[in-house]
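Let me begin by handing over the structure; questions about it come next.
Lettered A, B, C, D and E in written order, each chain numbered from 1.
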């Protein structure tokens, strides 16, 4: 091939767009740092906005795959949107690299040779959080998640590792912004730790209102990494200081790839990168490696796949490899939010991972051909 | 007081008035007669500024009002009892009389809600009813009262006795006589010509948008040929 | 379930209710009184919130920011009314729907062009924390403030519309614009003022809710539907109805999310409860409206006969 | 009349030739876009029947679209592919739901009707969200498509296109005949004044209910086609914003004009397709176009076209 | 006149909140007669008409028409049986021409509403009859006009014409002469006069001259209750009626 063509569909408008924008910026940063090329071929990235609607995502996939004949599809933030659009790629023999959504179904029985999760399996953060609660000797937990599949998966993940007692569970409306009623219930339940899986704006509001209601004194709030990332710290403000969260990446990781990424990202976009940005960046790095390793012969999809599976590149998260279901095996860390020394707040990771070289619980159900 | 000269207007492409003239002096009562659809209401509406004349001029109290917005025309001292009543369905009877009340040129005895309730006891009984809940005749009374409470210099009544019971109708004619004594000018459109002759000083007959006859009550009363020719009797 | 929890949930319901009221009041005025379906009402709320956030940042004071937002939004509303919306009064509801829908699209993208996708806005430090309102019950002071402001505005509005001459004139203008102007009322200016008032209320709601929720593009759409529900339940054009309707909707929504789920969990097997609970919570408000309309098709306090 | 008929026939011929033209131009992809436009033209026309002719402003019409789509998708996921079965199930399912919603909603008028239809649609929306067995909030993807009699498979883009075209032509014919029929006149009369219509002896409630159910079923058929085009259904199809979009199409195209629904669907979807490729702010520009239509084309695009042709519109 | 009345109203009541709008109304209209109903403004005449025609549900009492109890019957079914009303405030269809109004009224009377395929225009008989009626109403030259082009008086004529179109057995005319000029009043009066014997008319009218000229029977409603009923000459002299309604003033043109 004389160039590499990538269809990038993500949520770039509306209330949930911050995540998609970060993934896009991370991805494009990598392309830029490679001089507009990936694996030596000029890269053409077709960016489009799914408007947070599965139908639209599906149409955009169809357009990228059938009209533009792209080599790779990537970009989608949310699992429900990705699951709706994915068949358009897979049915038309196009590889999809997921920079974020990694639902458990695709890790298990629905695993697919053309699907790669470059991020982290859906349950992993929550399993790590459960393990952390054990480590701290916490006995009672209250769980909150939106009423949709990823929400249920996440709480299942937490319960898988947590050894104490779940004294309450609340499934809120997807996209809900006011949590007064739920917080009142939590206060009445008096849990030691509150674990809230609330991505995007939902998390921001929840945390703000948690603080406003004065719950922080009685209950420890534990969060998955994406709910305590730079995009949340900004709007919520100082109240975030000292909160714990779990993630597979942190801006303070010392590996050279990460140092470069964080520095370049700040230079380019004048803000701290988030988890999402790191995932977008890694996705482009992975494509770069695969195209390079196949010497640009993108026509041979089998070879491209093999190159992707072996994933020879320096990820900003440190060492990682693909499991047989093409989901990552990697380490997870506890992070805590502290001062960045310039009046702002930033995540800092504990040195020891809470889960080391961790895969996922579904890989056994995956019948992937080699 | 009111001068209409060469007035032309209409709706969209259809012209209704073709050079209409009309004069009303201070304290004068003029009857406007003509068959259905001859343009009486259209004349009234253009005086009120509700439709724009295409030609001609309208002068009230020395000021041209042909291009004025309706609310400014009204504030010059013209009040209208419109065809078909048009009371406000979501205002109470009392609100009709308080919201639009103006000092105006009421003379020695300005109209107040209290005086109007004396005039129409039926309305007093219904004072807190909404306009939309009134019977047809009650609405008609309200429309007259609403116009009077602005204490206008010129009162225009477009079929103001339509739908009134005979007793009340008599009452209205009496009111008109009283209003006249107070010095208001009036333009009255009504189908009870005999009554109108009793009240008005002069009359204008309109046919196809043009004035075709004008004269005093005596002249109109005497010339039954006119009635036959222009009013269809 | 303890008494304190029920009380706290009632407060939560009221707080939501008063917020809805601020939006519904403007909507019901414009809609019931001026007979104009304004889908862009939610966009005014968004504009108000963005202005509040921006002005707060520029001035460094939330109070100044909020006041400025109220003023500017009112001005913006009046500008909108006198440049565009007034040509729509004489048109049918459908033209109004299309035009104000177009406004939503334009304002959403327009705000995004000017301010970006979202702006930070925080509760002023003094009111950030909780306060003790009863022994054993602490409550967010900001939410208390919202309840207070809502109450005061409700009272003022009720007096304005029901008890003043202006209120009567506005209603008259709505019922029959032509006749009102023939009665000497400058209907155009009156409507512009009313619209400005509605916009100002939107900005009040935006400034109060912005710090609690989020100041972001598209924030108006969902709350718009709830505001419409409130207006319809209360009876179109009725301020009293809007208040009662808003409190009702706020309470039902809060109960649906908490008490109802609790009851279901006690009454049904867990997998049923976890399936039915959230679904019922989401539709409780709509259910309320349907039941309401079946039994009182004109809303609680019908204004027109 | 003749000019209108000539235009209609011309449009039909162009539509028939479109697949060949696209193939020749190597732009097959756009056939899917064209099918989507046809499907939404059917849906918008069904709403126009309800709204423009019957005077019932429904903000819940997308519920029927979604219902039809789900009916078809669920049948497909259960392995049923026969077109007549799909048609029958859609008609019965949507018909029954529309009958129930209509029987309650039609007791209210005006804005209250708008809101009660919205409420019902939102309830169905949340119901679809909690249908775990059929995808819940994630929606339901299907791999197979409906088989038409004669072995035509809707998986074939051209087959689906022609099928949608046939449905649209049928619906247009129906609407055309309806508007001049006894029933059509009665319905238009009750749109203007129900009390009056009833007073001269027209069965107002029954007429409205019939129109409501028929419009619902037609929209359901469009939904079924959409499920076959997309191979995917989700609760979003039932969301009120979808109903709003249908409404906007009708108003844009011309309320109560024969071609209103079609023109609106074509214009809105084409604008989205073309503008979204060029600017992030496409809704901004669409907004201005809609505004211009409200201000300068009183009866929508249909009205504007008709007055260009120098004739009076139906309204 | 027949002995069984065409319309028999017994003990009909309607309350609006604190107001008894109609109060134990008894009223009979014989087939073919012109029965005038007069009374002061707000007496309850329009309310009674709405109760008889079915727009308003009665609180109590019964309405019998043409041998059957129609108290709870739907409005359109009453109309189909030949009981039709006109409205005091004109109600017409803004999207239809004058001729189409009458054709529609004829069509409604004929049933078969749900025929949705055959163009109604093809029904030349229907339109022929509509045109005939148009001529009788004096609107022949306005056949293709929209209603917004008609003057008030012309609209009133059409309003009444709509009620008459379907050859009803009984028409309830609520102030058919209101807003009409002298000539049109005259024409309308003779139109109503011509119905005598053919169609029964319940006529509400404040034009007392016309009432006494036209009516076979006059009933007087005061405060929702029938206070007098009988031949015009008798009612006219009834002192209660004079005090409550007629007054002593001379009505003339």
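The working rule: a contact is a pair of C-beta atoms (placed from the backbone, for glycine too) under 8 Å apart; a residue touches a chain by one contact, two chains touch by 3 or more.
The model shown is predicted, which means the values in this text are computed figures rather than measured ones.
K.L.:
For chain A and chain C, which third chains touch each of them?
P.N.:
For chain A paired with chain C, the chains in contact with each are D, in label order.
K.L.:
In terms of touching chains, how many steps apart are chain A and chain D, taking the shortest path?
P.N.:
1
K.L.:
Please report the minimal path length, in steps, between chain B and chain E on the chain touch graph.
P.N.:
Step count on the best path from chain B to chain E: 1.
K.L.:
Counting C-beta pairs in contact, which chain pair has more, B-C or D-E?
P.N.:
When the contacts at B-C and D-E are counted, D-E has more.
K.L.:
Calculate how many whole Å lie between the centre of chain D and the centre of chain E, each centre taken as the average of the chain's C-alpha atoms.
P.N.:
43
K.L.:
Averaging over Cα atoms per chain, report the distance between chain A and chain B in Å.
P.N.:
Chain centroid spacing, chain A to chain B, equals 77 Å.
K.L.:
Could you tell me the distance, in whole angstrom, between the mean C-alpha positions of chain B and chain D?
P.N.:
Once rounded, the distance between the two centres reads 51 Å.
K.L.:
Please report how many Å separate the Cα centroid of chain C from that of chain D, as a whole number.
P.N.:
Centre-to-centre distance between chain C and chain D: 32 Å.
K.L.:
Any chance you could list the residues of chain A touching two or more other chains?
P.N.:
13, 147
K.L.:
On the basis of the stated criterion, which chains touch which? Give every pair.
P.N.:
So the chains that touch one another pair up as A-C, A-D, B-C, B-E, C-D, D-E.
K.L.:
If you look only at chain C, which of its residues touch chain D in the complex?
P.N.:
Interface residues on the chain C side: 31, 37, 84, 87-88, 91, 93-95, 97-99, 101-106, 108-110, 112-113, 221, 225, 228-229, 232, 236, 275-276, 278-279, 282-283, 286-287, 289-290, 293-294, 297-299.
K.L.:
Could you list, by residue number, the parts of chain C that touch chain A in their complex?
P.N.:
Chain C residues touching chain A: 1-2, 4-5, 8-9, 12-13, 15-16, 112, 117-118, 120, 122-123, 128-130, 138-140, 142-143, 211-214, 216-219, 222, 254, 257-258, 261, 274, 277-278, 281-282.
K.L.:
For the complex, which residues does chain A have touching chain D?
P.N.:
Answer in residue numbers: 12-13, 48-49, 53-55, 58-59, 62-63, 66-67, 79-80, 83-84, 87, 147-149, 174.
K.L.:
How about chain C: which of its residues touch chain B in the complex?
P.N.:
165, 168-169, 171-172, 174-176, 178-187, 237, 303-305
K.L.:
Can you tell me which positions in chain B touch chain C when the two form their complex?
P.N.:
Of all residues in chain B, those touching chain C are 48-50, 69-71, 73-75, 79-80, 82, 86, 88-91, 95, 98-100, 102, 130-133, 146, 150.
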